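Remarks on the structure that follows.
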Amino acid sequence: MAKNATGLDRAREIYQDRSRRARELKAEGRKIIGYPCAYVPVEIITALDLVPYRIYADIEEPVTEADRALPAAFCPVMRSCLDCALKGKDDFLDGVVATHSCDPQEKTARVWESHTGYPYFHFIDIPGTIRPEAVEYYEGQLSDFKKTLEIFAGRKLSQARLKEAVQLHNQQRSLVRALYELTKPEPPLISGTEILQVIKSLLSLPVAEGNALISQAIDEVKARRNGPGKKPARLLTWGATMDDADIMDIFEAGANVVMDESCGGIRPFRTDVKLTQDPLNGLSRYYLKDISCARTFREAALGETTKNYAADIESRFGYLKAIVRDWKVNGAILILVRFCDPFAFEVPSLRDYFDSFGLPSTYVEYDYTKGSLAPLRTRVEAFLETIIR
Amino acid sequence: MYFAGIDIGSTMTKAVLVDTGGRVVSAVKGPTGPEHRRLANEVMRMALDQATLRLEDIAYVVATGYGRLNVPFADRQITELTCHARGVFSQFSDVRTAIDIGGQDAKCMKIHEGRMVDFAMNDKCAAGTGRFLEVIAGTLGIRLEDMGGMSLKSAKKVQIASFCTIFAQQEVIARLSEGEKVEDILAGLHDALASRVAALARRLKVEPDVVLTGGVARNAGMVKAMKDNLGCELLVPEDPLLTGALGAALLARERATEAAARGETVAAKARRMEKATFFK
Amino acid sequence: MVTEQKKKTISRLKTMYSLRNKVDESYKKGLEAMKAGKPTVWGMLNAYFGDPVLKAMDVEVVYPENYGAALAASGVAQKYLDCADADGFPTHLCGYSRANLGYAARMMKELEGEIPPEAPMGGMPKPLFLMGSTIICDARYKWFQALGRYMDVPVWTFESPIPGVKERFMEGSYERMIELGVKNLKEFVAFCERLLGRKMDWGKLDETVDLMIEINRVWHDINEMRKARPCPVHSRDFWSAMPPALFLMGELKDTLQCYRNMYDEVKDRVNRRAGAVEEERYRLMFAELPPWHSLGFFDRLAERGWNFVIESYGYHPPRPVDLSGVKDPLERITRFSLEVFVGFYKSALEDNVSAASFAYPLMGYARDWKCDGALLHPLISCRSASTHLPYVASLLMERLKVPSLTVEGDIVDLRLFDPEAAMAKAEPFEETMEHYKRIRKQEGLDW
Amino acid sequence: MAWFMGIDIGALYSKGVIVRDDELVAHHVIPSGASYREAAGKIRDELLSQAELSQGDISDVVATGTGSGNVYFASRKTSDIVCTARGIHMVFLSARTAVDVAAQSTKVVKVDERGLVANFVVSEKCAAGSGRFVDVMANVLRIPLKDFGQLSLKSTSPVTFSTGCAVFGESEAITRVAEGVTGEDIAAGVNKALADKISSLVKRVKLEEPCAICGGGALNIGLVKAVERELGLQLLVPPYPQVITALGAALTAGHIQ
């Protein structure tokens, strides 16, 4: 990795060779903790001087090993994650933290735990609702996680240290939001692909390093002349995860992607963790309630005995309306991998919601192979041809 | 001044040339095969010869279809959906719904005042495309173009349970060995395909006029099956296979006119049929 | 080919029929309730959480999952699948959910709330509310949330904890699960009281819970007796008799009596060493959902001496625990249900299997019921009953030297299950089972 | 001195053999066409004329395969999996695993020292896991099936087929073609993709060596090499790979005596 590379260049380098930095750090004696889902409180990992490393699937790698334990009709992202693990591509990890965020995450985690021999493996159960008793239970799950990680790290975690970590990660969240501010102008100053690369780097680096990188990126973008340029449409993309620049390029061939509401975009950064007396309170509330993943059951009012569809989808998707307004979005693409049930059930309702304020939208799915991207291209181009006047 | 549309589908490549008035001066079809770009050039050349034109006479070229990105002499690529919609509209001004069953996919387009406003598409599974019939034709050793006619002879159609083309193939053979008539099986197959395409179309509320286009629209059995499944009349273009290329040519003409209106010179520019360079 | 056997080679339990009838009865009661203007609830399998509460409040529950099977069997599912498709639900979603969403779309959008005339078994009436659960798969709560598109009825979602195996034994973990369950149930009772406009009769709930626990204890003991050689109860009888215990169907005192009668009949068979099939040559496990529409398939296997001795762990009653000392009925429910979620965790930990929530129970079954082989039935459009099967197969082979035979099917597209193709594999699988009998001997396994 | 006939009616190809004292006297393969019954008859006649025998000389006929029910002159039907085991056991006494790459599915059959089935797994009814994948691709690429294997060996950079289905694979191939990738690189990619599927199928029953490959797929040298690469071993390829299962059928006929 070129020592002098900074900001966007560094992000591109890391994007192309994600684990490189993690391996360097390991060589320096740091311990790396992998996690495949945005519901893992990275603050706890950081606070114990461990390096959180988001495990991504690899669309380039044909799945062969995972077949032993997972069928073909299964979330292709988790299949790919497990496949990479079984092939030893994650061998630099000292531990893995898995969750019950969705059924495929849960099932994969169990196989992962038994088929790999990481020194540390912890499973976090996540309730399905945001009811008070669920938040309490989840906080218990987080304190168990903290306990086992303390034992692994061989030191106690003070509230002070945890608060510092929360602040560091909140800083990262606000920096990512600042980065997305740069897509508000027409034309946007930064492309969706560049943002994707920056975020993928952030999730591969110690938080401080990440914050430095993104600050540089922001300065560079503000200073540079040659932005992505004006395209005929400003898109919002929505889905479970967006991890590959080739997909973003398909969208950006004919439009500017100004917001990506996915785990590879704004989702893990959209709001801050509240600093509470016991930081675990704030963390459990943030991770269970504030991360806008379809896997969590939300309703207009807890235990509501009357139901109103309009109010229901407003309560579930309202935050997207603000995004559409502030970023002058004129088209939304709902993109999912096959077999992603929590998000797939959401599709008709979300499109109803977009219709309610006249935002054109389309739904596309792919099977997480490079081969399935060509049909995507056709659909996306056709969608753009329908909204561009 | 002339304008060209070239539609590189998975099995056939088509080219249409129109003049300033949008009249078709030439239309050709050729098999696609693995070497898209070579064939693109051949078919283009055939089209030019047919109208005794030179590439230099063409002011604007729009490429569409699977191979659209491999037409180096094209000024613009436009998806087959938009081109089909345009091509259909040029022949049926009251069209609201267009259904295209191609060899590689099936599409349904909603059209308002000649513009495509919504679409649905199946290219995941052969079972919902013209490929389904091609494969079965191969299995039965009969010519694709004969299938439709034969299916119409059927008095009672044999239900084909299997969804997947490969399963269906097996089932067809089984049915045959059980002594079912070929035409009855064909009727069942056409109905199976039609019901899938109809389900796709129903995703966007089918409104008349409904036009069936694409290669499969030449299959009388399929037209009937689609009518039965949609429960409405169907219009079919004279040469449905050319619809995409025609739409592309007409869009080429429009783009050129728009460009001219913006004061850009759209004089016939020097083009060479050089090798394609591929995106990645 | 042979599909209907003249003489059935599986000897069914006489006491099973009265239990099987309770399924149809409960649908009828649902309809009667609706006609009488009484509330009905659509429920998901909820591991005994909500059912006793609703039972105690005299609310009839119908189960779209079960009804999905009825839709498929009566051949009207496709119509509803097309509806869901037309409304833009991705086609790879759970088949039952798509059929049910299509049913709701037709009932609410086309028929203004009237039950579709083509609906089998009198149809499912519009519910007072939807009782979802996070148990087993994501569809079980996202599906009911998606129904909001068609019916403005409230949704309750039950929490079903599934912690990690070693994590479950951390200090305070179990207690926190109980706390979650009890509080969740308290809120649920309040929710029902608000909706129904009447108070919970706690005495009745107390009694209902005890009956639920006793019914499932007897039902559990019946299945324990199936460890006998030859096995006295075939899976077909299990599937026929299972719903009343799993979904608390019928008048519970009567239901309990039915299971007690079954216990006696099975005990008698054990004493007489009478098996469910004439000559038990092979003992098999079945996972998970059977091909409801072509169960005659099992008779043909029975002719070859295949006895199905254990199956579908998701349908099995939890292992009994003594709850007599627990006063609060809500806590009794919770402790009882937790056996469904984490009941296998302890032995899974000892056997060092982390998949205690899905694959391990079947491994335990194969060992305890001494199976020669497993018939695995993955379903194209039901991932929750399918995705674990490859892992089950590898566990059975690696740990127990028990081979598996996989036969695909589906829950809504019944044509995908091909009994002929399955029968064609019977002969080689018998050679395989013989082979592993030898291997197990060599490895010192005792069956 | 007795002759036995084995007929294997597959969905796409029908195969037959005559054996005498465990020696292959005649063998024949034809497309199954639209009528299994006709195919069965054709095969029998051809076999008899090859061996210069009449039906009367044949002590027993055993049928197997998808269309075995249509072999009206067979005394009984038996499982193709069992037949593959018996067949491979006769050709390669030491073989412990047989990979049968047929038109509709791929079978992996483990064989014990007595030629009995020790375990088996059949691919899902998925074209991508069967020889059918190659047919489909050969068709897209307009390459004669018989040249497919050789052509694929010419490849310097095989394309990566990441998709799991023949139908997706087909459109992926078309995309690659559109990108200007050559026929041999795609052919090699196809064989690689199929080999991946086959090897993961083999892994499900834990490979035991020596391992043989049979069925129509074994005629595709490119595929054989690719599977060898995937499994990291040498495959045994029988002289007439397509008739192994039919051979097994004839042998079970023999052993009944």
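Going by the order they are written in, the chains are A, B, C and D; count residues from 1 in each one.
Note that in this section contacts are C-beta pairs under 8 Å (C-beta built on N, C-alpha and C of every residue); 3 or more make two chains touch, one makes a residue touch a chain.
If you're wondering where the values come from, they're calculated on a predicted model, not measured in any experiment.
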- Among the other chains, which touch subunit C and subunit D together? A, B
- Contact-pair count is greater, between A-D and A-B, for A-D
- Query: Measuring centre to centre, with centres taken as mean CA positions, what chain is farthest from subunit D?
  - Reply: A
- Chain centre separation in whole Å, for subunit B relative to subunit A (CA means): 39
- Message: What's the distance between the Cα centroids of subunit A and subunit D, rounded to whole Å?
- Response: 46
- Rounded to the nearest Å, the gap between Cα centres of subunit A and subunit C is 35
- Task: Send over the residues of subunit A in touch with two or more other chains.
- Result: 67-68, 374-375
- Where subunit C touches two or more other chains at once, the residues are 88, 390, 394
- Message: If I count partner chains per residue in subunit D, which residues reach a count of at least 2?
- Response: 124-125, 168, 171, 175, 204
- Query: How would one label the connectivity among the chains shown: line, ring, star, complete, or other?
  - Reply: complete
- Message: Quick check: in the complex, which residue numbers of subunit B touch subunit C?
- Response: 161-163, 199, 202-203
- Note on the structure: The subunit C residues in contact with subunit D across the complex are 1, 390, 393-394, 397, 403, 406, 408, 424-429, 431-432, 434-436
- Note on the structure: Seen from subunit A, its contact residues with subunit B in the complex are 374-375, 378-379, 381-383, 385-386
- Item | In the complex with subunit C, residue positions of subunit D that touch it | 69, 78-82, 85, 109, 112, 116-122, 124-125, 204, 206
- Which bits of subunit B are touching subunit A when the two form their complex? 66, 77-82, 105, 115-119, 121, 123-124
